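Here come two complexes built around subunit A, the first alongside subunit B, the second alongside subunit C.
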Partner chain A sequence: MAGLADLADDERCRILLGEVRTGLSAHSRALADTEAAALLSLRPGVGVRVATRPAAWVVSPDLTLGVHCPMPSRSGARRDGIGTILSRASLTGGRMVQATVHTGVVLGRSGAVDRRQPWAHHLARPGRVEVAGRLRADDLADGFLAAVPDGVPGPDLDLGAVCGRLLDQVQESPLLDQRLPFRAPRTRFRFALLPCDHGASGAAHVCRVSFVVEEEMVRVLRMSGSVADLVSVVGLCEDLALHDWLLTTVQRVVEGSRVRPSGGGRLPHQLRPVIDHLLHLWMPGARVADALLPVWAGVEQRSGISRQWENLVGWIRDQLALSLLADLGRGAG
Partner chain B sequence: MILIATSDKGGTGRSVTGCNIALRCALQGSNVCYVDFDFGSPTAGAIFHVESAARGILGGQGMHSFLAGEAAAPVELDLWRHMDRAGLRPRPPGAGRLVLFPGDEGGGEFPVDEDMTDRCVRLLRRLAEEFDLVIVDLSAGRSYALQLVLEATVRPALRPVLARWLVFHRWTRQHIIAAAGLAYGDHGIVDTGAAKGHDRDHLRDSIRFVRTAVPDLDSEQFAGLVPTQAAWLQETDADLQRLAARRRIGRSVLLGSIPLDPVLQWREQLILESDVWTLRIANPQTGAALDELAKDVMDDDPWEGL
Partner chain C sequence: MSDVDVVFEETSATGRTAEVPLSHLSVELGHLYLDDLADEAMDLAAYFRRIAAWTGPEQLAALAGVPGERLRASTCVLVDDYEVASLGPRAVVPRLVAAAASAGLRVDYVARESGCAAPLAALATAGVPVSLADLVEGMLVADPPAGANGSRPAAHENGWLCNGVRSPAAGPVQAMRTPLPWQPPVENRAYRHSIFLDVEIWRDLGTGRRWSCPFLAAVWQLLRLGQLRVHGEPAVVATDIDPENLPATWEEFPVIGRLPGRAAPFAAYRTLSVFDSRLLPVEHAVRMILGQIAVDPAVAEQVRNRSAREKITLPAELPDRACHVLLGG
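Entry: the complex of A and B
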């Protein structure tokens, strides 16, 4: 009987909320896998996961945090959520550091009498928040995804604050020397997966994807679909956030050097660290589950981030070639 | 790099000069943030032409509330979207980020505790990761804010981060004595820092001075003086130079001098190229001095050990 009840619960847990923050690791050089593993051993006794192909990727064990607070909503409906959220940190290419926080949300049934469950109930379901009272999925997602003006956190469930805190914790580790080759702003990538209107067709699918670059550093991804394995969606979001950060960061550096005269064909000095540390890290879709690759393709088609990236890399290589020619010319003269 | 701006007395133009340095560095392409640690009178918003934060912000999400543990994260204002001044919106091409962390309206001084230091370390380290230049504007004098920053910068997470100190003072006898006292005197920066575990020599070497409201005796302003006045001014200036040298705040540790300029004094706001060249209300020397200061703040040479 209990098993059946759980199954019914799982059926209803089709909303996923989360946030990824991405930045440059606070170290003078790329970390080796062993160093990265030590950095991300955030839970004693639980190992980190390491992958070396196609790019070095190390991810910490999941951390569980209990929450009991009002859920966000656009309508202002204040419904309490109780449960746990999961967070993890990862390092890609020894250089790009990410913190991710996510949770599945189970909405209360209308008419059902909500009964406060003991914590053991919630601890047995990591990464799931149960909402007491009626709240529509759209209302919840709209409230969660709404741009927070100027980073002012509200009293509601604030995954961003947890995310920022975890990234800080990793970045201030004594294993990092704090001598960054250049400064790069962190991006905040907020995402939500809502149940699909078309009903469950059995196979995992995602329809209706919208990706918006909101403020300078805030991105919002909203998806509808039905995916049994919510963690695979988190993986997709991490991958998108990673490449969006890479593109944003290189773009900023290139913009800065384009408006300044480079003088005699010399390579603008700002480009050097980008070439050293970032250009080789572009590997879109490397860790995205097959069922979700169409989402990548869809975002790609509309915002064209790979085309933009190729364009940027081409420009940087041209600058490199020009500076080489200029040097040769000076040598001959 | 973290640049800590302080002064012994009020009215030195510390904040207005600091904000102008921030703007100029950002215009030159650096990512800059300005953190208002002047808890008693957070005026950076007014200087940056942000009306909603003119005397700090309301709502308990400012720097003071964050450090006191009442807010999970402090408000950060993207100044390129908030500065209400023609020519500064939107972000000029090639400019870096420019972000203000405003104080709280009605905040005040408070004693420092361990948790507050932790929050301060975490914030400043994160900012040093994201920004080329982090300007921390302290209250005048031997404040709690000064204690807090000295305590924070000696912690392991911030120790590797380059921290530089700027002491602002006016070009008068009392101000020179006070500035030297704040840097090297009893309970001054070096003294307090050493007691908290800073290396005394290293800390002393990371302090530079900025003279403000300095009369430029060669400028047109003083062209109409009678000979006795001119002679007196020259002599007084020479006296002040000697006094500064005796107090160890002479030319070797001087980062810049900002000339006496009514626009800077009275408007207490940003000075733009248009103020100098189009409106012709600010003196070209003021603009040049601010540019020079912005360059020297980021440059390593003026900060070489003595």
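Entry: the complex of A and C
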């Protein structure tokens, strides 16, 4: 039997691992809040959470899944972890759907090697995986962040599979009409937060961040820091993933429209749905905890995603203005 | 320019979870089938006298971990009306209360098992009727066998829950080839040897689900432990009943009825159930089910904070909060 007091210990030496997948909801129009709430009511008797400002945001209750498997590692050290992972789905602006999965890994707990704890021990600590034996935090994080792409199943912890299944489940809901206004990509955003050395001060802080756009649809965020509330870090990653998806999606549409010859100043038809559905949803940092806003600012500054977005939006507005002028010209002639 | 500290919050974005009042101990005084109660020959007073020997104030205070003068304990009886409802509350409740009183026991709450299985109006989600049993099924997180890495959904045999890996079924595919030798089931937490347990949760009758007795008993334990919420509100609230004016049928009886008197709160930090040993298999199953229930973390935290304020040491694991006394014949 473990007392309640030890539940709060070692929160700060946990390693957060997670993944967010983002896509366009499989529906012809934006969903109203009540529709989104019905879509994301994934458990009986547990309501969704809804926020209306600065953009409509609806999030499902957390789903819990038990795992007992080898943990990823770069070195190939095969250490078993056992515990629970949490996942949730959300809809922003009635249009952008996300599935997120995360867990906090506790390394080398004594007693975990010899005998498995009762399962109730793990259910009393939701969102935590305990690892038996020695495994270095950066070895674990590197192994997780370098995980093989989709479709190559291995024996290691597979957060991506959980994430993908949840996004499919939401997208295949009978409440959605499956008529997307345009083709939009699905992005994968993997993240890890490692504990840092100066975490004793008490205040949440993140001291090192690296953000890598790996391949076309995979992004990797690696952070070091000390944050007691891991869910706030998950929220930050969801927000970053959302805006990265917006940028990626609009960029693709714009590139697609640029390669076609412009039809006498007409607005490329591909741009229309982007203007209708996405341009108004750019609100970086809207739901990010104050202590984590510097991470957003840092990523923004380094990767320049806000500047890139402004450029894209400016270009689209220019096209719109040109097409209006052309229409006026035609009307006058 | 001075800094302004601005807080913006939307209440629906944070969610609220109501607390329920808690006793130190919820004491269940036996478990009687309606057939037992219909049996005129059964000596109910003797039945309760055997239970009373285990539920004295000192014993309860010791189990609750508080000094006797501080003890808040409530007593309850669950009437098994789900399978057979041969007798109504008007016939059963006065007899139960009188027999318990003759053994020096006071019954504070009478509940009906069907209340755990029937759809409740307050639980309906988007027009779909939902029962407490549905609610609890949604809280099940199966104990994962070694190798469960998330790549497949949790193995879910329809309506069954176990504590390990089942013996592989010798299906027709294998029958075509060389027959596989029998493989034993394995308990996930086996210590050298397995004690494998596989429990039926529900059975589909075509017309709907029939929930199993152990699963409803697990729902009942969760109610007594104050763990169930519906959209943040207590799933069931005890309703006062008038022993002089009881309904004829159980459908008209509240899910949890409170008898007149100064009863301590129905739900409690811990539960004690005193049963005939014929209920041992059921309670084994109940404990296994409780060990695979993930409660709302907000509820868990409330109970943790309150027990700390009361200086009560409480195990984090739900099955460890349920005590049983099983009486021989």
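The definition used in the following text is that the second predicted complex is superposed on the first by the 309 of 333 C-alpha atoms of A that agree within 3 Å, B and C clash if a C-alpha of one lies under 4 Å from a C-alpha of the other, contacts with A are read in each partner's own complex, and residues count from 1 in each chain.
Note that a residue touches a chain if its C-beta (ideal position, glycine included) is under 8 Å from a C-beta of that chain, and two chains touch if they have at least 3 such contacts.
Computed from a predicted model, the values in this text were never measured in an experiment.
Engineer: Looking at the combined model built on subunit A, do subunit B and subunit C fit side by side or clash?
Structural biologist: Fit: subunit B and subunit C sit side by side once superposed on subunit A.
Engineer: Please indicate which partner A:26 is in contact with in the superposed arrangement: first for subunit B, second for subunit C, both, or neither.
Structural biologist: It touches subunit B, and subunit C stays clear.
Engineer: First (subunit B), second (subunit C), both or neither: which does A:179 touch?
Structural biologist: First partner only.
Engineer: Which partner does A:126 reach: the first (subunit B), the second (subunit C), both, or neither?
Structural biologist: Second partner only, subunit C.
Engineer: Quick one: classify A:38 as touching subunit B (first), subunit C (second), both or neither.
Structural biologist: A:38 contacts subunit C only, not subunit B.
Engineer: For A:171, decide between first (touching subunit B), second (touching subunit C), both and neither.
Structural biologist: After superposing on A, A:171 lies in contact with subunit B but is clear of subunit C.
Engineer: Which of the two partners, first being subunit B and second being subunit C, lies in contact with A:161: first, second, both, or neither?
Structural biologist: Touch status of A:161: both partners.
Engineer: Go through the superposed model and pick first if A:215 touches only subunit B, second if only subunit C, both, or neither.
Structural biologist: Touch partner of A:215: subunit B, not subunit C.
Engineer: Check the contacts made with subunit A and report whether subunit B or subunit C touches more of its residues.
Structural biologist: Counting residues of subunit A touched by each partner, the higher count goes to C.
Engineer: Pick out the closest CA atoms of subunit B and subunit C after fitting on chain A and give their distance in Å.
Structural biologist: 5
Engineer: List the residues of subunit A that touch subunit B in one complex and subunit C in the other.
Structural biologist: Shared contact residues on subunit A: 153, 158, 161.
Engineer: With touch defined as at the start, can you tell me which subunit C residues reach subunit A in the complex?
Structural biologist: 8, 10, 12-15, 123, 125-126, 130, 134-135, 137-138, 141-154, 163, 188-189, 191, 229-232, 235, 290-297, 300, 304, 307-308, 313-320
Engineer: Which residues of subunit A touch subunit C once you look at their complex with the stated criterion?
Structural biologist: 1-4, 7, 38, 41, 43-47, 49-53, 57, 64-70, 80, 82, 84-85, 101, 115-121, 123-126, 153, 155-159, 161-162, 165
Engineer: Note which residues of subunit A are touching subunit B in the complex, please.
Structural biologist: 23-24, 26, 150-153, 158, 161, 164, 168, 171-172, 174, 177-180, 183-186, 215-216, 255-256, 258-260, 270
Engineer: Which stretch or stretches of subunit B touch subunit A in the complex?
Structural biologist: Counting only subunit B, the residues touching subunit A are 29, 31, 59, 61, 71-73, 75-78, 93-94, 96-97, 121-122, 125-126, 128-132, 156-157, 160-161.
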